[in-house]
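One chain, subunit A, appears in both complexes that follow, with subunit B as partner in the first and subunit C in the second.
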Partner chain A sequence: MTALTAVASYLPAGRVPIEELAGRLGLSDRQVRVFRRFHGLSEVCRDHDGTLFDLLAAAVGELDELRGREHLVKYVLYARGMPVAVPYPANPLHELCRKLGLAHAVAFTVTHHACATGLLAVDIAGRLLASDGVPGALALVIAGEKTFTRDAELVPDTSIFGEGAAACLVSADGASDRLLSYVTRLRGDFDGRLVEDPGLAVRFAKEYPGSLAEVILAAVQRAGLALDEISLIVPHNVNAVSWRRLCRMIGYPVDRVLLDNVAVTGHCFAADAFLNYRLAADRGLLNPGDRYLMVAAGLGATFSAMVFEH
Partner chain B sequence: MGQTTEVDLRQQIVDSIGELLPRVLKREVPELPESTRLFDELGLSSASTLELLLELEEALDLQIDVEEIDQGDLESVGTLADFVAAHSLTQD
Partner chain C sequence: MFNAGPADLTAPERPLRVTRAVRRVFDGRSDTALDPELRIFLSDMVRPYGLALREDLLTAGVGHSYGEMAAPLIAEATSADEPVDVLVLAFAMHDLRLGRATSVYLSNLCPGGPMAFAVCDQGSAAAFTALRLIREYSRSGACRRALLLVLEQSVLHYEPAGPAEIPARHAGVALLCDDAGGAALSGARQHADVAVGQVATLLAEDLGALTAGRTDVTLILGGGLAALADAGLAERVRIAPEGQPYTGVWWELAGALDHDDPGLTVFADHDPNLRYLCVSALDTVAARQEQPA
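Our next item is the complex of A and B:
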């Protein structure tokens, strides 16, 4: 059974209040106030001088559990929300593998689930390791992106992106945290750019809560659990208001959704769930035996939920 | 606001919606019957509805509990006023 063996996060020290981004993003004063008042956004992480390599290397640098076990890493998966990150032939993933002593590993990028790709990468990593059947083998999953274009800075009326990164070790048969279920739904009918297609934006906003609720409830059921047995939701950081509405819809207490990073980091692409896992673990919110959900959604659209046992 | 009755508050909300809509929609809006449909007739969206609620909060010194809002509350000027009146804390 796939297990999330270790999770590390890196948040750059740079913090930018959303008001400072308004001019460049073309946001009116009222739109900024809506982001702050209703969406719960306040500032976002930005590492102005750092490259994508720096960001990812810093996250892996926090992963103490990797030290001395590099030879066990068979796969390195970069989970990315945006399909393009750097100009050809630059490849920070392979550069990272060389620098970390992981050049022997099979390294590749996973995308196309947009910001839900982090969960997809954990699932793929676990299944690859299971099919190999090599005892003790590990996969390294990394996530985190630069806010290098307007599309990588803003989801209109929804969220503002930040530059946090995460690194995780995955095993095929570890004791903790065991992956009990994974449900993902691809909704190709939401393909398109929200900024160019107001009709799509209206449809997506209307169907988003129900679509995410569906995968959450299906994942809980597939894990053989009831929703009230889920001790915590480790969410994406898109915004707070959508989580409050969703919680109301499914009857789950919103104070058990760890939303504190929303105001600190902004939405860090495919890394959110891992950043929030680290926050939960550091705060002692995960006790042995606790079952919790990791939940993510990606534009285009993908809705994903995983149930783990700590 | 302590002496304001619920009926007064609701009427204030209806009046304020009429005053604030041109600002949110950035165009002239004729006098509105309460039955005016927000999305179909006025062209409001989920995003511009939040902007309208923000302006209402500031104009009337309210705090609106937006997560309780349903699609039905967004039908018309009247249903939105009902919702705001029922889901607001006044700031004294």
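Our next item is the complex of A and C:
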């Protein structure tokens, strides 16, 4: 059964108050106030001088469980939210593999699930390892992106992106954090740029909670559980208000959604769920046997939920 | 909605089959080539790398989008009464719709509204990985029918960030995979960190293992292996067309499948920059023998 063997996170020391971004992002004072008071965003992580390679390498550098086990890593998957992020054929993923002694691994990027791509990568990694059936084999999943252009900095009236990164070791038969279910709903009818199409933005905002609720409830059901058996939701950090709405819709206490990173990291693309898992584990919020949800949504649009058992 | 538990590998495995293959070269350009946002995004992306934009290409408004290229391939490869469960898009060089989750967009055009995603950053190996992932989803019972799309477009609006072959034309291949009929995937091997000097030996070893002494073998070599065309690896050897570094081997495979000749087709490619050697095999004979009477 697919399992998260280890999860590490990296948050750059740099923090930028959202007010400082207003000029470049064209945000009015009112929009900044809404982001801060309503959406719960305060500052975002920025690694001003670092490259994408630096960001990902720092996350893997925090993954102590990888040391001495590099030879067991058969696959390296980069879960990228932005479909295109570096000029062709620059390849930070393979650069990273060479530097880490992982050149023997099959490495590739999965994308197009936007900020839900991290969950997709875990599912794919588990399937590859299970099919191989090699005892002890591992996959390394990495996530994290640079805010290099406006579309990678801002979701209009919704969220501001941050530069955090995560690295996970996935196994096919681990004992901890076992994957019980994965549900994803694609909504290609939300194709388009929200900033250019106000009608699309309105429709997306209206249908977002119901679409995310649908995959959450389906994942819980697929895991053979009831929603009140879910001890924690490990969310994506799009904003706080959307989680409050969603929790009202599905009857889940919002204080069991770990939203503390929203205010201090911003929305770190496909890395959010892993960053928040690390925060939950470090705070002792996950006890043996706890069943929890990782939930993410992405523009384009994708809605995904995974149930794990800690 | 894609709804899965843990991968279930207890069921007896039925080989994945390729039942339909479509290939197409595309003329013209995408309207996106004239979108002012293209310049903004590209400028921001290349700036940290110190690369110059190709003003001539931006002014000319050339280049294509994978969404527009894939739409007719999907229309030709699928039918409304054959819902697709999984769609995987493989590419090496990006297209012009830089922010679009193209595979998700294509899911909306494809019968069945499949779970869809893209595989990239792996050069010519990405399409082999995509086919393998389709096999894994099929094997675990998560998918009955799947569509592989391999696409490349020929315009890069900036100086390349390193050595890489730029396609000479816009081309695409679609392979419809099913659990009955067609040609059975009888092998899929990927080797990482393979230097050019190691390729011939490793390919010969894989070929020997995959063909197991059979004589009805056709070997298709991608552009990265074209130098081995006369190495005597197989009696029948087909070479991918020049100018299609990422779709070429799949283009040739689609042509071979279209002939429907019985036999074993082994297809392979090597990416000299990322050092992957990929070798896969489709067996028409085995697929026919396994069909229910």
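Basically, the second predicted complex is superposed on the first by the 310 of 310 C-alpha atoms of A that agree within 3 Å, B and C clash if a C-alpha of one lies under 4 Å from a C-alpha of the other, contacts with A are read in each partner's own complex, and residues count from 1 in each chain.
Everything below uses one rule, namely that contacts are C-beta pairs under 8 Å (C-beta built on N, C-alpha and C of every residue); 3 or more make two chains touch, one makes a residue touch a chain.
This structure is a prediction, so every number in the text was calculated from the model and none was measured.
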Which of subunit B and subunit C A:7 touches, first, second, both or neither: neither
Which superposed partner A:248 touches (first subunit B, second subunit C, both, neither): first
Partner contacting more residues of subunit A (subunit B vs subunit C): C
Partner chain in contact with A:157 - subunit B first, subunit C second, else both or neither: first
Touching partner for A:126 - first (subunit B), second (subunit C), both, neither: second
Partner chain in contact with A:21 - subunit B first, subunit C second, else both or neither: neither
Touched partner set for A:149, first subunit B, second subunit C, both or neither: second
Partner chain in contact with A:91 - subunit B first, subunit C second, else both or neither: second
First, second, both or neither for A:201, with subunit B first and subunit C second: first
Partner chain(s) touched by A:294 [first = subunit B, second = subunit C, both, neither]: neither
Complex contacts: residues of subunit A adjacent to subunit C: 1-2, 51, 78, 82-91, 93-94, 103-114, 117, 120, 123-124, 126-128, 130-131, 133, 148-151, 172, 178-189, 191, 193, 214-215, 218-219, 222-223, 298-302
Partner subunit A, residues of subunit C touching it in the complex: 1-7, 9, 37, 40-41, 44-46, 48-49, 51, 89, 92-94, 97-109, 113-123, 125-126, 129, 132-133, 135-137, 139-140, 156, 158, 160-164, 190, 192-193, 273-276
Touch list for subunit A against partner subunit B, complex: 30-31, 33-34, 37-38, 156-157, 198, 201-202, 205-206, 241, 244-245, 247-248, 254
Residues on subunit B engaged by subunit A in the complex (per definition of touch): 24, 45-47, 50-51, 53-55, 57, 66-69, 71
